[in-house]
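In the two complexes below, chain A is the common chain; its partner is chain B in one and chain C in the other.
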Partner chain A sequence: MATLSLQALTKRYDNGVPAVNAVSLDAADGEFIVIVGPSGCGKSTLLRLVAGLETVSGGRVVIDGAVVNDREPGNRDIAMVFQNYALYPHMTVAGNMAYGLRNRRVPKPEIAAKVRRAAEILELTELLERRPAQLSGGQRQRVAMGRAIVREPKVFLFDEPLSNLDAKLRVSMRVEIKRLQRRLRTTAVYVTHDQVEAMTLADRLVVMNRGVAEQIGPPLALYERPATVFVAGFIGSPAMNLLPAEWDGRFARVSPHLALALPGLGAPPGPLTLGIRPEHLGLEGGAAAAVELVEPLGADTLVHVRLADGPLLVARAAAAPAPDAPLALEMPLARLHLFDAAGNRIPWEAPSAALEARPCRPVA
Partner chain B sequence: MVENRPFLGLIRHTVLIAGVLLLALPVWLAFVASTQEGGRLLSGDVTLWPSGHFLQTYGAVLFEGMRSAGVPPVGRMMLNSLAMAVLIAVGKIAISLLSAFAIVYFRFPLRKTIFWMIFLTLMLPVEVRIVPTFQVVAGLGLLDSTAGLVLPLIASATATFLFRQFFLSVPPELAEAARIDGAGPMRFFADILVPLSRTNIAALFVILFIYGWNQYLWPFIATTDEAHYTVVMGIQRMVAVPDSEPIWNLVMATAILGMLPPVAVVVAMQKLFVKGLVDSEK
Partner chain C sequence: MAVQVVFRNRFLPYLLVAPQAAVTLVFFFWPAAQGMRQSLLREDAFGLSTEFVGLDNYVEALTDPRYLDTFLRSVAMSALVAFLSMSTALLLAAMADRAVRGGRAYRTLLIWPYAVAPALAGVLWFLMFNPTIGVVGVGLNRMGIAWNPYLDGAQAFVLVTVAASWKQVSYNFVFFLAGLQAIPAALIEAAAIDGASPFRRFWTIVFPLLAPTSFFLLVVNVVYAFFETFAVIHATTQGGPGGATETLVYKVFNDGFIGLDLGGSAAQSAVLMAIVAALTVAQFRLLDRKAGA
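Entry: the complex of A and B
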């Protein structure tokens, strides 16, 4: 039961390049924070700074009101689950779970009771005397979780804990982790590159890019109002369609044959990025387009559409259109995301009058 | 591919059996010689089968030694050899484990340089540095003592290098997990690294025990007191008798006895030995 606060946390390696650059974050007691980003974005480094496995170059890590920058990982009251589990190969499951408690000189009967309780929660009771080598991947993963929960730490840290599992197991372990965290009400920081995991697990999501936290917020808020082009492109699968355009004060010109009127947009003329999610693209009425590829997923279908001599877009449709049939693409203005040349979101609400007039038809 | 054809199998076995015979013959001859009467070997009349003086010869060697050559009972020398070999093996392993631990897990100035310096000592076996080593040991007043026998041989670059390679192959997350579990460096070393190195330690023990047991030059230089003679030295003393013929049956009996402990160690530890050299438990 504790809060976690990162204050302008920075990690600079010897070559001077900041791996983590002034990340600030306040996690409430019991909150599940997920840090997501492409590889090399500094998300694992951030987690290791919290754990104390890397030294902090600037800023502070505060756990439960105490600055822990200079504390050894063992004295921070945290527990960590590693990607490759990092179980001690020569110890039994029970030994692995008990090791942290033994080092803290917890009395033996108490250790045994705690290990038993954790094993019950994770359904590991039958396996307590086995060695890690005799366990399956999913079981090892659960032991790694068990090692974290017996300690009853203030903060759980997860470093891509599911990426070594097969797809099916990953989904079920994901649910299990979420249920466990809800049950224990322990503050957790979870690092992943998988945006589905991130969306489903997080109370709040931190999207990182090049060492910077691009946006922090609840998953759906990030999905609906991404603050930058990067977040827009990273969150959501398939990714948001991002179209470079030229804004002249009245129209956003996407291609020689396609321009959108954006009434009420006060931005100065210049380059612009239009974003629209695949599920918001309509396939009836609008700009002429041709189907290039159809990916049926069962529940719905992904249609790759090319605008007349223009860019390629992905639409999510209920049914597959006939291949090579001419198509008209509709972009509802209310669903449009606008970003400036620097990649930041331009606040813009499509005026209701404009919506009624369906101005999204292309202007030749 | 391992092929399995009867004809090839026959050839294979013929070659292997011939090899075994070739290697075993000298040992067998030594054993046969040790059961003969003293003078008979010098007459050139050698048989291939043991004769009846087994108990007599071995009893004499084990409990009396060879007074004429100034050699104490073999039992005594075996104990000396055992102490020296075990201390050398254990000491080498302990020191190498610790130095490999320091080199792999700690960042300190000149780490690389120190590693290469340790590595360079591979080029300086006792035979090369024997004069200065003798001077140092003599200066410390350790001649004619077990410590003097063991200490100059106790550092091992080979073992350090082996353990370093093994530690490098241990996933770094294990060290991090141990840190999070509140284990300090020495605790991590004792609780996790050493148990993981178990098979490597066993394999090295076998090699180093035999190395220690077979030491010849250093004990020969560093001990003059009969009470500290090792078996290997004892044999040398028996052969190099002044003004008379060596008593070959006693020499051979001593050699046979001297061979037994290394054989016992190899036989007892062969499973761990092979495992330690072949696979890593991860």
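Entry: the complex of A and C
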């Protein structure tokens, strides 16, 4: 039970490039924070800074109101689940779970009771005397979880804990982790590059890119109002359609044949990016387009369409369009996301008058 | 998994093995057999007559109180060499494993002593500790410590042991460093998060994981101390003063080539061979069990 606060946390490795750059975050007691981003964006480094496995170059890590920058990992009252589990190969499952308690001189009967209870929660009771080498991947994962929960730490840290499991096991372990965290009400920071994992687990999501926290917020808020082009492209699968366009003060020109009127947009003329999610693209009425590829997924269908002389877009449709039939692409203005040349969101509400007008029109 | 090779020609495999087999035969089995034969014979001092005496040589060698002394001295020296060289090597390897800057140079320097021949290693140490011209030896005497390994048996024993250990540190260092680097960093980090002090991490995580390496090195070091210290001893004390540095191997040489008791010397070397064989078997047994677990 604790809060976790990161204040302008920065880490520079020897090469001088900041792997984590002024990340600030306040996690409430019991909150499940997920850090998501592409490989190499600094997620693990951030987690290791919190754990005390890396020295901080700037900023502060505050756990439960106390600055822990200079505390050893063992004195921060955190527990970490590593990607490859890092179980002690020469100890039994019970020994692995008891190790942290033994180091803290917890009385033996108490250790036994705690290990037993953790084993029950994780259904490891039968395996307590086995060694890690005698366990399956999923079982090792549970032992790693058991080692974390048995100590009842203030904060759980997870570094891509599911990425070594097969797809099916990953889904069930994901559910289990969420359930466990709900039950124990322990503040958790979970690192992943998998955005489905991120969306499903998080109370709040931190999207990282090149060491910077691009946006922090509830998963759906990020989905609905991404603050940057990066977040827009990273969250959601299939990814949001992002169209480079030239804004002249009245129209955003996407291709020689297509321009969109964006009434009420006060941005100075120049390049901008239009974003629209696949499920918001309509296939009736609008700009002429040709089907390039159809991917039926069962519940719905992904249709890859190319605007005349223009970019390729993905639409999520209820049914596949008839092959070779001419297609018209509809982009509802209210669903449009606008980003400036630097990639930041341009606040813009499509005026209701524009919504009634034909939103998307070919230009001669 | 072993690769099964099929030869068309029935004789080709034998032909391919022949050179290796010939070398082993000529340089190992033949002399060993000669030695065994010799150990059952007695020859007069001038080599004029030879008679078969059965196990007399063995009985004589093993019941000689000097033999027992030498045996105990060899065991003590092996234990000391193994302990000194392995603990020093482990300490250095643990430090090299952590060293980030200049780690490579540090490692290279530490491996160099292994390239020094045992005889030279011995001479080097005795020169340093020479009571009249050695830097350390003169210093010790100036400090009021009566130091003269050429007269004091205990001092000679210590010096031989230290020289032999020094040379073996490099070898152990390489194996320990490789063993340490094979331990995933995440294990140590997990232990740190689990609240283990660096010392405790070493004893409860690193050391147990190094056990197979340590056992292998223990056998290698004991065998080394039993046999290869010969060169160190021969180049420095020649077993003296007063037999204080005479080990089993040196006694074999002394009795055979100086004392010209070839039969007794051969019997002693047969015993040595049995000791090595036993050590090797023990090592294979234990390594097998480890691999099977």
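Before moving on, here are some points about what is shown:
FYI, the second predicted complex is superposed on the first by the 361 of 364 C-alpha atoms of A that agree within 3 Å, B and C clash if a C-alpha of one lies under 4 Å from a C-alpha of the other, contacts with A are read in each partner's own complex, and residues count from 1 in each chain.
The criterion applied here is as follows: a contact is a pair of C-beta atoms (placed from the backbone, for glycine too) under 8 Å apart; a residue touches a chain by one contact, two chains touch by 3 or more.
Given the structure is predicted, the values throughout are model-derived calculations rather than measurements.
With both complexes brought onto chain A, simultaneous placement of chain B and chain C is prevented by a clash.
In the superposed pair of complexes, A:Met80 makes contact with chain B and with chain C alike.
Touch criterion met: A:His90 reaches chain B and chain C at once.
By the touch criterion defined above, A:Leu165 reaches neither chain B nor chain C. Contacts of A:Val23 after superposition: neither chain B nor chain C is touched. In the superposition on chain A, A:Leu281 contacts neither chain B nor chain C.
The intersection of chain A residues touching chain B with those touching chain C, taken from the two complexes, comprises 51-53, 72-75, 78-80, 82, 84, 86, 88-90, 99-100, 103-104, 147. The touching residues of chain A, counted against chain B in their complex, run 51-53, 72-75, 78-80, 82-84, 86-90, 99-100, 103-104, 133, 147. The residues of chain C lying in touch with chain A in their complex are 184, 186-187, 189-197, 200, 204-205, 208-209. Remark: chain A residues 51-53, 72-75, 78-80, 82, 84, 86, 88-90, 99-100, 103-104, 147, 151 touch chain C in the complex. Partner chain A is touched in their complex by these residues of chain B: 171, 173-174, 176-184, 187, 191-192, 195-196, 198, 281-282.
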